[in-house]
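Inspection log for the structure reproduced underneath, given as structure tokens.
Note that the chains take the letters A, B, C and D in the order they are written out, and that residue 1 is the start of every chain.
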Amino acid sequence: MSVTVRFFASLREQVGAGQLDIETPAANARELWSQATALPLDPHVRVAINQAYADVDAPIADGDEVAFFPPVTGG
Amino acid sequence: MSVTVRFFASLREQVGAGQLDIETPAANARELWSQATALPLDPHVRVAINQAYADVDAPIADGDEVAFFPPVTGG
Amino acid sequence: MIIELRETPYDPYAELGAFTRRRADLAGKAGANAVFVGTMRDFNEGDTVEGMFLEHYPGMTEKELERLCTECSEGAGVLELLVLHRVGHVEPGEHIVLVSVWSVHRAEAFRVCRDVMEELKHRAPFWKRENLGERQRWVEKNTPG
Amino acid sequence: MIIELRETPYDPYAELGAFTRRRADLAGKAGANAVFVGTMRDFNEGDTVEGMFLEHYPGMTEKELERLCTECSEGAGVLELLVLHRVGHVEPGEHIVLVSVWSVHRAEAFRVCRDVMEELKHRAPFWKRENLGERQRWVEKNTPG
């Protein structure tokens, strides 16, 4: 299946990419992370599937937009 | 001794006066109230001596300004 | 600390705008500004209210506002505190009270703004007489905070 | 409920003034308006900050703000809620966030304004990169509420 993977803020800089469109057999965001990056997955990293917060182990589906980002610091 | 007695809001209307300058032997605001008005002293009435909150039984002195008023409703 | 009684209508947002321009030195220092604006409603306790007279105790009201503002902001890292309060005749939709608190971080600004409003409601010598059209009514007590 | 991201500086008090004029119908109904304004400071964690880039997640940021505002105001008798948030390059003294909540009585306005700010700080996808002059730094976490 194909998914869009997005990285924000410091993660974008560490990964070296903001967006990847990839073919993947990954069942969840955790597997997707390992496939898309060479980095360990910090437990503080937050995951969103289709622009809503999701668990890193929640299943992903074809066409999903999966985002990884550090703790938020707005306001 | 002489004191200035002041009444505010609904108390002013009930007593029928906003300010009285009176000669009094009263030792405290409670005695002053009885001398200045014919009304019972409602326990919700608040007392200020020289523009600071005071207990109704706190002593008063010559020249004091003693105010009686109902619960406040500003803001 | 600025505390003022106003006898005529005021625009709280214009006041805040003017104040922040005058105190431009606060801009890069105060990360947080918490504000409360209390406005006269045209209804209260099930009745339509046509107007209101806000009585106060000249002299004591100002002193008590100063005392309570000082108490509420003591040790709280408040950079500036502004309180405006109407007195006299007030029409529905007109603004009664403005409390604005500036601090470095948000927790203090929120807490002090809230505390000042609660203390003001309980201690500041103001009394509302509502005009219900066919009759007048003294407001007996405040709504709970 | 109005939620907007702004790419250029705004005056929160002018925005509030304009909004209350547009929503004059609220004037006699909303007795209470609680406001929070967050402003960029020129110092953080002991360092002088020259500027900031506020990154966000276009699409999700707006949705998440809507979700959290809806949750915070549910059942609270909120009459209107306004949130503005800057994105992009921000200079010290410029305003980052404006939260404004109108309700009949003050307790709800205070609570919802505060809740929206806390939820926004914890959930809304924004990230601050500070420009310290000789280097850039991602802000790691927020100050406690």
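Methods note: a residue touches a chain if its C-beta (ideal position, glycine included) is under 8 Å from a C-beta of that chain, and two chains touch if they have at least 3 such contacts.
Please read these numbers as outputs of a predicted model, since none were measured by experiment.
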Task: Common touching chains of chain D and chain B - done: C
TODO: Please name the chain that ends up farthest from chain C once chain centres are defined by their CA atoms averaged.
DONE: A
- [ ] Starting from the mean Cα coordinates of chain A and chain D, work out the distance between those two points in Å.
- [x] 26
Task: Between chain D and chain C, distance of the C-alpha-averaged centres to the nearest whole Å - done: 22
- [ ] Compute the distance, rounded to whole Å, between the mean C-alpha positions of chain A and chain B.
- [x] 71
Open item on the list: Which positions in chain A are in touch with at least two other chains?
Closed with: 75
- [ ] Quick one: which residues in chain C touch 2 or more of the other chains?
- [x] 38, 106, 117
Open item on the list: What's the complete list of touching chain pairs for this entry?
Closed with: A-D, B-C, C-D
Open item on the list: Applying the document's contact rule, which stretches of chain D touch chain A when the two form their complex?
Closed with: 38, 54-57, 59-60, 63-64, 85, 96-97, 117, 120-129, 138-142
- [ ] Would you tell me which residues of chain D are touching chain C in their complex?
- [x] 11, 13-14, 16-17, 20, 24, 27-43, 92-93, 104-107, 109-110, 113-114, 117, 143-145
Task: Touching residues (chain side chain B, partner chain C) in the complex - done: 6, 8-10, 48, 51-53, 67, 69-75
